[in-house]
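Some structures to go through are shown next.
There are two complexes below, and they share chain A, which is joined by chain B in the first and by chain C in the second.
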Partner chain A sequence: MATEHAHAAAADPLAGVPVLLGNHTDETLTDTLFGHVWRKPGFGWYALFGLALAGFGLFVLAIAVTLYKGIGAWGNNIPVGWAFGIINFVWWIGIGHAGTLISAILLLFQQKWRTSINRFAEAMTIFAVIQALVFPVIHTGRPWYAAYFLFPYPSTNSIWPQFKSPLMWDVFAVSTYFTISLLFWFMGLIPDLASLRDRSKGKLQKIVYGILSLGWRGSGKHWHNWKVAYLIMAGISTPLVLSVHSVVSFDFAVALLPGWHATIFPPYFVAGAVFSGFAMVVTWIVPARRFLGLKDVITMRHLENMNKIILVTGLIVSYGYLMEHFIAWYSGNEYEWSVFVNRATGPYAGVYWLMITCNVVTPNLFWFKKIRTSIPAMWILSILVNIGMWCERFIIIVTSLHRGFVPSTWEMYYPTWVDFTLFAGTIGFFSTLFLLFMRFLPAVATAEVKEARHEMEIGHVHHHPGLMKAGLPEGHAAH
Partner chain B sequence: MSRYWVLAEFAGPKALLTAARILRDEGLANVDLHSPHPIDGADEVLGLGASRVRWVGLVGGLVGAVTGYVTCWYTNAINFPIDVGGRPLNSAPAFIPVTFEAGVLFGAFALLFSMLAITGLPALYHPVFEAPGFERVSVDAYWLSFSIRSAEDRANEVAERVKAMGATRVSVVKDPRLEAMR
Partner chain C sequence: MATTETVTVGPLNLDLPRFAGGMKWIGVFGVIGVIGTGITLAGAFGGNQDAWFSYQAAFAFWTATAVGGLILLAAHHAANAKWPTAIRRPMEAVAGAMPVMLVLGIPLLLPNALSAIYPWYHPEKFDAELLHHFHGHKELYLAPGVYYVRQAIYWVVFLLATEVILSWSKKLDEVGGHEFIRKTRSFSAGMLPFIILAVTWAGFDWLMSLTPFWQSTIFGAYYGAGGFLAAIAIVTIACLATRSDRSMFGYWMTKHHQHNLGKLLLAFVSFWAYIGFSQLLLVWIGNLPEEVPYYWIRLKTGWLPMSTFLIFGHFALPFVLLVPRTVKLMPRLLMAIAIWVLFVCMVDVYWMVLPALHEDGPHYSLYNFTAFLGVGGIAAAFAIFRLRGRYLVPVKDPYLVDSLQYLQPH
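Presenting the complex of A and B:
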């Protein structure tokens, strides 16, 4: 880390660590950023991949048990009819949000630092949404029948989905979100796939990357249309990402249940989603930049910026908690208030206070630059955020359901081993996909980094002297 | 007469744009640039107007939004009326999420497919790939390409002139696709 601090410009406090380190040409950039694709993976990758595959095994096992025995294998029952299934669904969907935020919203705001991390974060989005989709689909019990009531097609039952239900909105929001994330990611990948095709040594690589890159020639006409399509895609992804977690929050907020029926839910869910998503990016990018050799491109500047976003969204989430509690008290509704008292002092108080610790207390350590720029500290804090956000969903869902309006509907909820196995399994599946991604595709949007590097050279961003370490002459060595 | 592709490599984006501008001023319509990243000013030099992708995207989005709304309305208010808590059968606020999501979904597909249609992708083969060194375009090289229908001598002549504009290397590739079609 010492070398990274050494580059920090002392004069301009806004400059900080550059977003691109080292004297890179386009060629060395390509070699550095594709290095991890061409290198034979080391023992570490195989060890992690083995572990992830074992986790994926748990995933298969839990799903097999659930399909064989039915949903009774899970711990949810009346009154807690929704539990791990929806907790994990919301948790994973939320994690995905950082990817879209980085790739779309930061693109619209012309945040140049995003180009180093957007590919990585978008991949995370796609893999996280896949995990999220598993839960509601399996929760239908017989997923192969799910299409009957989820998609509006003229079935022989001559009945249609109920479109006034937030659950239907959710189906459309999440499936659209997944599709758009995939298209956006693929569009961004095309130029890099072409680059991989052109650098391939083996025949198989050449064919596979060749087909995936669609014959991209980097032509002026290609870039011209690609840029417009990419930008508009970012433009429509921005309201989309805000809509997705808003719709997820409607699953709760539209219900007339104390603890759920709150107007603050949509913005507070979106902030929580971005909060947990950035934390997940930090958790993965810290080891990845080291082992994939990406430290020149993913610098302390990126990490610090992400930690700042974690801090800001953490404060928004804290405000959400504060408001939720205040309104519960201020409403004068004793059912509403008793839910909140029960959260803090009832049988699930441990989970509640863990949530408060991880989401409200510890993120504030990021106020200190020392902690914001310390690799071990940010790694641990980012994991705490995701523990906290999981607890938040547990608290919102379970404590609101487990004590109804009359004590005869009071019942405790306990997850079963199948619940835990499926949750662990999705983490395994997610890791498997992520490790495969880091093995076969460039983790950094190389073409975009090159463009950013050239723009910095030309001096479009002279007013941000800290963006790059040194201006480089145009062009490159003859080859 | 066959179709020949003249390909020339330049040292950097500036030299490339200068050469392209000269060629276009001379009346060559099908000049194209190839670069590892978008070049600032290329659109203007190539005479590319606003991309039509945006209009196709807009139409796609609108078609999607209308489809979304009509689906909700037709299924829940007309074909199989569902009374939910006494709300109107055609309850616009409740149909907005699906309308919006469908608009985004259709719009995004329209963007992707129109981009592919306009750029002529996927096209796994193209004669420009035959030029030695062209594979560096996706790494760090800047190339210019155009095609002419002429005799081989004439194509070589043009290539010489491009070389004189400061190209570091020039290739002439005969388009095999036309030969095959004959």
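Presenting the complex of A and C:
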């Protein structure tokens, strides 16, 4: 049967690279996919980790300065009362979306290729949301009082949060998102943690992985419960893919500022989030698959599919831009239109055109298979997308605020060194967490890849109602 | 007369006849269509505004549905999806109504129609303040000459995409192999952005400009989402209705395909609600004088019951019903839900159009019914007519085997 399937695959001239290369068994997959956990890390890992830790140092420094001096250390002013803090928040939250999309929607769509990259992307979600949360919490000025502002508990001072504010909705949306993503990720890890417990040689490793694997024995009952729970979690996560960034978009769209108040904002923000999330996955996975020896499992098929998703979501983002610009013009509303003219020709025009280049122009190169499947091209384009999406948030937030309805309120915004340092610091913190993840946990969902391999090798031995109708005996896989 | 030809694909020997039936349905739909359209257009040219608005709504609805079918078809090709191969023909049929939609749209291009339906056709009737708003970009954009140029562009896109995909599908039935599939996949991917842009602007022109001083950036997506959902509903109905005839696509639909159609209905009922909610929330909470009238008319007048009906009938009810797997696997129930969804999609377009004529609440007239049944009847008759002489299953498609052995995860 296995050879029949292999022939069928070879006979399909339109089939791409398989999702699993090489002649793997469960054993070789375990060795390949857990190898980087057992191996002592090389110089490269230490060098990167040192760099990331230095970045984390910047993070600590920027927070210390902010707490010591207050928010005045940032470049915020009136009218731009909200700048790097919210730009970076939205940027990081968006990056997390690839993980949720891969874990939830691609699972429901039965996209088998997701199994090689879901662990990686889900980890990215969690680490990115942590970075995102830093900004609003620090922006409260005195984070130790943040609970008063954010969590709806009956305060003795009669201070209640403003439930009509989308910032409040954000608290619920993002905290739900973080909780579900963490549970989903951890649940997926349990069978692999159990394998690590059983196969690791060190005593400490056995104890730690043993505790984390929650007594997993791999019995049929365990697998059954695990599968059911996984599907339920995917169902719960699916609306989250849409809701989180829709609520983030409401932060702006419910306001009456020109350039913010647009009904297209929710879906266009969601598409932008998935766009940047997938770009970040490509940025990290391209070097990781090489250095962790995962090329058999994360094949060109995965990379090409991710690039296709970047292309599609990039086109949706472009559609959003087009709608905003067209309706601003069509409406004849001078304030609305002047915001868009100011974006393209005003003092921040450079950022605007960088955004257009990175989000609208260059992703279209992915129409070409040659570029979709070129490692250097996709790596550069993925970084450009992340730059472009950061610029998008800068443009939306700063240009709408810095020139209000009355010219006497106009003011330029310039970030300070603390703004830049905190942003760089979150990149350092994110990288630190990511490198630790790749050091101590399997970067690929090994149990799921093994299952996928079994399915590919053994083929279907189920009833095929469609084939039975064609007069073929049941259980016969037709090739 | 059915001509039986044995077609061999892998181990499949499908001795399917080419489709030679359907005359009964072509007759039924054709008669309903001609009578309905005839009555509506007679009323319209007789100067009845209800007839014009009803005809406009019916045309906008059925065209969006045909475009929805085209997007469904093109998206599956672009995504290299193999599972829908066995039930691809009804998707092609929905899109295949496109040429007749162009013909049905011609009366709406006549000056009588523009004059009766669109306030921007008579800017001289605006009061001074509205005229002030109208001057500038809108005056230019909504000038009849420019309007006609845009209509031509939409139809070139819709017809080019439909006819090329359908002609390659015909060729595939003759020669088999992978070449036409490969070409269709690339062409579909390349055309999708243009189809989506065209349907967006068609929505702006046909429906949004009924209220010329109102605009919403998400309007095109809302209009397109409704048509897409209606197309899925029709494909579901067509498959379920032809389950017992071996020469029809419905027979080859397995419960796994059926489950997927149910899931698509669920997903796009939710998507419609998401887009509709985004628009409603942001307009309502913004409460701007230039934005809010659209919803004020629909929520604070006699239109409120219909708006409430849409929330429950177009979203809550089908959503709750479609969530359980067992419901999606029950053919009769799924069929009933799909028919319901098609109906509420019509109500949705009616709700977008008619309040522009009657701001105080619905004034039901005979034309409301004759228009939807008439335009829909002609479209259906034409779509079925185009299937004659074709195999109703893509017998030589190399992925038919994959489609027939497609399984849901267990």
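Rule of thumb we're sticking to: the second predicted complex is superposed on the first by the 446 of 479 C-alpha atoms of A that agree within 3 Å, B and C clash if a C-alpha of one lies under 4 Å from a C-alpha of the other, contacts with A are read in each partner's own complex, and residues count from 1 in each chain.
Keep this in mind: a residue touches a chain if its C-beta (ideal position, glycine included) is under 8 Å from a C-beta of that chain, and two chains touch if they have at least 3 such contacts.
No experiment lies behind these values; they were computed from the predicted model shown.
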item	value
Chain B versus chain C as contact partner of A:A262, first or second or both or neither	second
First, second, both or neither for A:L214, with chain B first and chain C second	first
Touching partner for A:L204 - first (chain B), second (chain C), both, neither	neither
Partner chain(s) touched by A:I78 [first = chain B, second = chain C, both, neither]	neither
Touching partner for A:W223 - first (chain B), second (chain C), both, neither	first
Dominant toucher of chain A (residue count), chain B or chain C	B
Partner chain(s) touched by A:V406 [first = chain B, second = chain C, both, neither]	neither
First, second, both or neither for A:W160, with chain B first and chain C second	first
Interface residues of chain A shared between complexes with chain B and chain C	250, 478-479
Contact set on chain B toward chain A in their complex	11-15, 32-40, 42-43, 45-46, 48, 50-51, 53-54, 57, 61, 68, 71-72, 75-76, 79-80, 82, 84, 87, 91, 94-95, 97-98, 100-102, 104-105, 107-109, 111-112, 114-116, 118-119, 121-126, 128-129, 135-141, 145, 168
Chain A contact footprint on chain C (complex, rising order)	10-14, 80, 86, 133-134, 136-138, 141, 178, 181-182, 185, 190, 193, 196-197, 200, 204, 215-221, 251-252, 254-257, 263, 274-275, 278-279, 281-283, 285-286, 288, 290, 398, 401, 403-410
Residue ranges of chain A touching chain B (in the complex, touch as defined)	25-27, 30, 152, 158-166, 168-169, 172-173, 176, 179-180, 183-184, 187, 191, 194-195, 197-199, 210-211, 214-229, 232-233, 236-237, 239-240, 243, 247, 250, 447-448, 450-451, 454-455, 458, 474-476, 478-479
Residues of chain A that touch chain C when the two form their complex	12-14, 108, 110, 242, 246, 250, 253-254, 256, 261-267, 315, 319-320, 322-324, 327, 329-333, 367, 460, 462, 464-467, 469-472, 477-479
